[in-house]
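Two complexes, one shared chain (subunit A), two partners (subunit B, subunit C).
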Partner chain A sequence: MSFFVDYIWLVPLFSLIAFLIISTGNMFVLHRNSRISAYLTLSSSFLGLVFGVLAFIYCYISENIWFERTFSWISVDALSFDFGFMVDNLSATMVVMVCFISLLVQIFSMGYMKEDPEYSKFFGYLALFNFAMCFLVLSPNLFQAYIFWEMVGLCSYLLIGFWYWKNSASKAAYKAFIVNRVGDFGFLLGMVAFGIFTFNYWINSDLSFLSFSDLNMAVFYLKDVFGGYSVVIIGLLFLLASCAKSAQFPLYVWLPDAMEAPTPVSALIHAATMVVAGVFLLARMYPLFEVSSLLMGAVVVIGIFTALLCGVFALFERDLKRVLAYSTCSQLGYMFFAIGLGAYSAGIFHMFTHSFAKALLFLAAGCVVFALGGRQDIFEMGGLRKRMPVVAYSFLAGVISLSGLFFSGFYSKECIFQAVFESGNIWLSVLFCAIGILTAFYLFRVYFLVFEGEENRSVGEVRSIPFSMIFSVCTLVVVSVLFGFLLGGHFGIKSFDELIYYSFKEGYRPSFLLVILSVCLSLSGVIGAYLLSKAGKRVYLFENLRFVVDWFYENVVSRVFCIVSKLFDFVDRYIVYGVVYICGLLVNLFSLLLRSLSSKNIGVYVVLSMGWLILLFIVLYGFKELFV
Partner chain B sequence: MKILSLSALILLPLISSGMLFFPFFNTIRKIRCFAQISASIHFLYMLLFLAMYNPFSPESALSEVYKWIEPLGISFSLSLDGISLICAVLTSFVFLMAIVASKHHIKEHQRFYYSMVFLLQAAVLGVFFAHDMFLFFMFWELELIPMYFLISIWGSGKKEASAMKFLLYTFGGSIFMLMSILGLYYCHYVQTGMLTMDMDYIGLYNDYPEIVKYLAFVGFFVAFGVKLPVVPLHSWLPSAHVDAPAPVSMMLAGVLLKLGGYGLIRVNLFFFPDIFVKFAFAVFVLGIINIVYASCVAFVQSDIKRQVAYSSISHMGIFLVGLGALNAVGMCGAVFQMVSHGLISSGLFMVIGMIYLRTHTRDISLLGGLGKVLPGIYYLTLVVVFASIGIPLLSGFPGEMMSFFGAFISENELVRHFVFAGMAGVILTPVYMLNMVRGVFGGVLFEKFKKIERMHVHEAVVMISIVFLIVLTGVYPGSIMKIFAPMIENFFSI
Partner chain C sequence: MLEVSLVHYIILSALLFCIGLCCVMVSRNLLRIFMGIELMLNAVNINLAAFAYFCDGMVLGGQVFILFVMAISVCEMAIGLVIVVALSRHSENIDVNSQDVLEDKQ
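This part shows the complex of A and B:
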């Protein structure tokens, strides 16, 4: 069995090979838009999944495995950047999750993208993404994590801008890339600073540079030598990176716009896998955050604020996919919040349950959009449950799970709830309850508006949904119903916090009262949503409030940048070049002067040349004195 | 038998340059065929050097000395080390690509054009190999003549003015270099009684008076700074690029800018390491100004070729940052950046040439939606643009990374504190680069562009070769690092 752990790098490699075959084939017009590319991608993900599952089983059986293999990629002087892979429970679980959702999304795409002119390119990008994401979660050190951190951002750019001929899509891709780049700046600077400050530590350790496995000691070294201040600064830089990738305030603005991407992409990248990379980074850098209460506080504040803010925005939104996008921001805020509180396992657990549930919701939403021929406004829908019952019930399952009423989401949410109460902070608990109500409220509002109520006349004819799409959705329903239950500590299977924990097993056994309380709160949200949709009222209040942050970026930050750039351009055109131009004019002037010296009288030339010679002599003589 | 001869490497293009005037080459087809074959042979020969070069054994460092002007201590002496080898390989490659790419860009005086290109190649290689200051200077000046003609005859727009600007700027810079060379030559003679231009003697001699060292350092820096270009001395570059034909821009950005970088390393750093330490922070700050200033200016340009020209300046800033770090890591980053920028900028100018041939405009507001009709060009451009942005696993990343790491472990405290400013380039580069991609390839396609030609075979060959090298050096940086890294490590360990 250890074979699968030794060779886990084959998982991303399969996808890379699929990508290379598709892209070269595409370039030489060998199999443009043929089904081959889809099957290639599918089989690569499937093989990856099989490997991942077997590796996971091996990790599950053996206690607390930590397997690392690296080779030197760049090495100059004492500095050596390593490349390789690392398997522990977290990365093995992540690989399984990524491959599984990738596979289902790819199956879904076979139906969804069927008539797209660039069908095989789409699968090529998906394969590239799977490669980058798997390597990201398998990274043994920060440096490699950075490499693939950028690679997944690149894939996200390519896939958001997949329909690049649409102005909105091309703009959204641009925006996503730039905002993510701000985070990358934080990551790069944080990594460089961290690496250099602890450089002496790594030289003496036999582990590779910036390795995750030795982060603990490196952080202690950093704190001892440079003080807690440096820990806070470096931690904030990493937090910036996480905020950009995981769409937290103030860098969440790219995620709602990223819904311009084809729906399978939204499900895979912008809900289930890439956006959780920020949380994954927090988990990997946990030793750094843990030593400073200030940092943990910052994570909590950002998490809870985003969860609340985006929850409210989701309430105002009328675009089906964008509601889900705001909900993703909000749920990622939950995970930040949990990790900031020290509930490491609970945060990660929620990450998994959310990924499955949100992928399910997006794919179900994709079915709706597909069936309605691209319409996404929830007020133009209604009563769709009778038209497509399977999709409706799947969506309902996802909604129930995500709002923590039952199924997987229930388990992970209870864990976080427990942690909040144990922290003893009454304000946090109240806010958490409010977000719980809010989540149930906006999710059920969408469900009631889209699937229940009166049938909307403008819906018209509904396209039939291909089997591949239904298959993916149904499989995800099964997983997102069972996943939490299986890892909730029943039947002698290890519970989630026994499987993935940081320093101690957190062992959440939520008390009965808390469970009742949380379910009641969520139910109140459901009832509120039901009443609202029954009354047929729309929430118009502060509807445009959600664009405040966008407005700030578009009208303040980018304006300032434009003005500065124009100023520099002016300097470049008129001042830098102007000086040169004036030099040219001076030469002209001087030549005018010299020309006026010329005369017919030979005596003038004699005097001039003698004078010049004397001058030269003096200068040269002076030089010699100077040097000898 | 010695099959590796440096003088042959310089003579080969010179001979080709002359042979083109044989009456036999009377059709365009023959001329192009000959030019391509000759450049390919040169490139293959160059690869042989690469294959047989062993950075760890001093014997393999080739050198050739021929007597020339003995009374003045001037000899025709050439030598090869890691940095000059990698630059020379880049030169040979970029020239081959530019010659292949010239097919549709050059419509008249083909014979003269290719002859000038070969002359330029010989001059550039001469600068990289020269081991004698006089020879170095001679080749440095020689390179101006073909370049002047290449811009002023085959260019567009205000081509004569731009060519003149290029010529005067570089010439103005070289006057300072000439003064510095003569100053060193004279001082060396006065102090040791030995008349020599050999780099080993006048370069590695340490007992010059302080003032001479400072003056010579600044003189050399100005000459190389014009070529690189360093920001206040850069205004020749955008206009030269805009008015030159695309293949000439490829050579200009891909190779000629590297002369400045090479000179900074070869002369300023290796001759005056103790002076360089004092100027390190200044070099570093100039680098940061290059990065930030040029990125901002590039963003507001409407001409895409001007944007790419400014991006060149910005990327050369990273080179300066690495150089200012003054340690092996930063230096390796700087040299890597030089090589990768040679590939990236020639790729970008190639793309702009292809677009210009088809649309006859370079104004970003008049372009749009080309991705739909030119998918092949679009995807290859994306790779080059991402390399330019510094996405990992493409060639732009290792250079950038090592430069910043190097700056962070610099011994100069000020340098360490301002690295973050240089990293602003990480955010700024995609702002203008992706804006350009979006403007040219994204959005709605104009009616008049619906029936433009697809990518030609020779264009595909050029782009794919460039992209292949970009990916290769990005995925496995060690492939080129091992050529120059040992030498740099060696230099800094002394």
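This part shows the complex of A and C:
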């Protein structure tokens, strides 16, 4: 069994091979846009899933393993950058989740992208993404994590702009890339700062540089030698990185626009896997965050503010996929919030349940968009439950799970709720309840508008949905329903916080009263949404609210940025370049002098060379003490 | 009667070298430049012979070296004279300052 842990690097490798075969084949027009690329990608993900599951089972049986295998990649003096992989319960579980959702999304895409002219390119990108994401979660040190962190960002950019002929898609791709760049900048700075400050620690220990193992010792060293503020500053830089990747408040703007991507991409990258990389980074860097209450406070504030703000935006949104995108931001805010409160495993648990539920919702939404021929406005839909019952009930299952009424989402949400309640902060509890109501409200609003009520006349013909799409949606329903039960601490199976924990097992068991309270709150949200849809009122009131933030970025941030850039441009152009130019000018002037000596007369050259020779002799004679 | 010593030879060779150098410096005729170079080489040869005679008379290293210098200067002269002949056929004068076919005349 330990074989699979030893060889877990094969999981990303399969995907890389698939990607290489597809891309070279495409390049040399060997098998352009043939089904081979889809089957290659599928089989690589499937093999990866098998390896991942077996490795996970091994981790599950053994008690909290930490298996690391690396080779020295770059070594300078005592310093060595390592490359390799690392398996603990967190990364094994992440690998299983990533491979599983990847596989289902790829099956889904076989139907969804069937008529796309760039069919194999799409699958190539998906394979590349799978490679990068698996290696990101298996990274044993910050340095390697950074490489793959950038790589998943690249895949996201490529896939958002997949339909590049659409102006909005290419703009959205740019936006995602640039906003993520801000975060990557934070990651890089944080990593470099952390590496420099704790340099002596790594040199004296036999650990590899910036390794995740024994990170808390490095953090203690940092705190002892450089004081608490260094921890806060480095932590904030990492938080910036997490905020960009996981679409949290100041940097969430790219995620709703990323919905320009094909729906399977939204399901895979912008809901289930890549966007949780930020939360994953928080979890990996948890020792750093833990030592400073200021940092934990910052994580909580960002999380809860994003959860609230994006919940409100989701409420007034009319694009089906954008509602889900705002909901993703909001739910990621939950996870930040939980981790910031110290409920480490509750936050991670919510990450998993959310990933399954959100992938399900996106795939179901993809079915709707596919059936309606690309329309996404929820006000133009209605009564679709009779036309596509399977999709409707799957969507309902996802909505129920995500709003914490029942199924998996229920368990994770109760854990977080318990953590909030035990933190004893009344305002946080109230805000959390408000967000609970809000979540149920906007999710059920979408459900009622799309699937219930009067059938909308303008819908017209509904395309039949291919089997592959229905298959992956149904599988996800089963998983997202069962996942929470299985890891909720029943039937003698380890509960989630026994599986993945940091330093201690939290053991949040939701008390009965809190469960009742939370379910009632969610139900009130459902009833509100139902009444709203019955009344037929459409909320147009604050529809443009979300543009405020975009306006702010476009008109304030980019203006300020322009001014700063112009300043730097001035400095570069006239001061830095000026110095260089003056140096060149001086050389030029001197050479003008020398140039006047040159003539056609060969005798002058002989005289000059003899003169220089004599001069040289004189000088050497003068300094002869130096040479003896 | 004045004894002929090393210093006399060195002065002779220095004078010969300077004469050769002046010849190279001032003359424009290629043939005369060659003569100057030849004088300078011979000045060096005198130096070599004198030092060899006065400093280590038994080893003959300096004298052997003179043979090499002479051989090299003969080779050089052969090539040099060929150039002079070719030049005089080509442009009918061997004034070095008027040889400007490679000059960039724009």
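The criterion applied here is as follows: the second predicted complex is superposed on the first by the 556 of 628 C-alpha atoms of A that agree within 3 Å, B and C clash if a C-alpha of one lies under 4 Å from a C-alpha of the other, contacts with A are read in each partner's own complex, and residues count from 1 in each chain.
We take it that a contact is a pair of C-beta atoms (placed from the backbone, for glycine too) under 8 Å apart; a residue touches a chain by one contact, two chains touch by 3 or more.
All figures in this text were calculated on a predicted structure; none of them were measured in a lab.
**Student:** Which partner does A:D184 reach: the first (subunit B), the second (subunit C), both, or neither?
**Tutor:** After superposition on chain A, A:D184 lies in contact with subunit B alone.
**Student:** So, does A:V192 touch the first partner subunit B, the second partner subunit C, both, or neither?
**Tutor:** first
**Student:** Is A:C433 in contact with subunit B, with subunit C, with both, or with neither (first, second, both, neither)?
**Tutor:** neither
**Student:** Could you tell me if A:I17 is touching subunit B, subunit C, both of them or neither one (first, second, both, neither)?
**Tutor:** neither
**Student:** Between subunit B and subunit C, pick out the one touching the greater number of residues of subunit A.
**Tutor:** Comparing subunit B with subunit C, the partner touching more subunit A residues is B.
**Student:** So, A:E150: does it touch subunit B (first), subunit C (second), both, or neither?
**Tutor:** first
**Student:** Quick one: is A:V606 in contact with subunit B, with subunit C, with both, or with neither? Answer first, second, both or neither.
**Tutor:** Once the two structures are laid over each other on A, A:V606 reaches subunit C alone.
**Student:** Could you give the residue numbers on subunit A that contact subunit B in one complex and subunit C in the other?
**Tutor:** On subunit A, no residue contacts both subunit B in one structure and subunit C in the other.
**Student:** Give the list of subunit A residues in touch with subunit C in this complex.
**Tutor:** Going by the criterion above, the answer is residues 600-603, 606-607, 610.
**Student:** In the complex of these two chains, what residues of subunit C are touching subunit A?
**Tutor:** Subunit C residues touching subunit A: 21, 24-28, 96-97, 100, 103.
**Student:** Report the residues of subunit B in contact with subunit A in the complex, numbered from low to high.
**Tutor:** So the residues of subunit B in touch with subunit A come to 169, 186-187, 190-191, 209, 211-212, 231-232, 234-235, 293, 296-297, 299-301, 327-329, 332, 369, 371-372, 376, 379, 382, 386, 391-393, 397-398, 401-402, 404-405, 408-409, 419-420, 423-424, 426-427, 430-431, 434-435, 438, 441-445, 464, 477-478, 481, 485, 488-489, 492.
**Student:** Which of the residues in subunit A come into contact with subunit B in the complex?
**Tutor:** It comes out as residues 23, 27, 73-77, 79, 146-148, 150-151, 154, 157-158, 161, 164-165, 167, 169-171, 173-174, 177-178, 181-182, 184-185, 188-189, 192-193, 195-196, 199, 561-562, 564-566, 568-569, 572, 576-577, 580, 624, 626-628.
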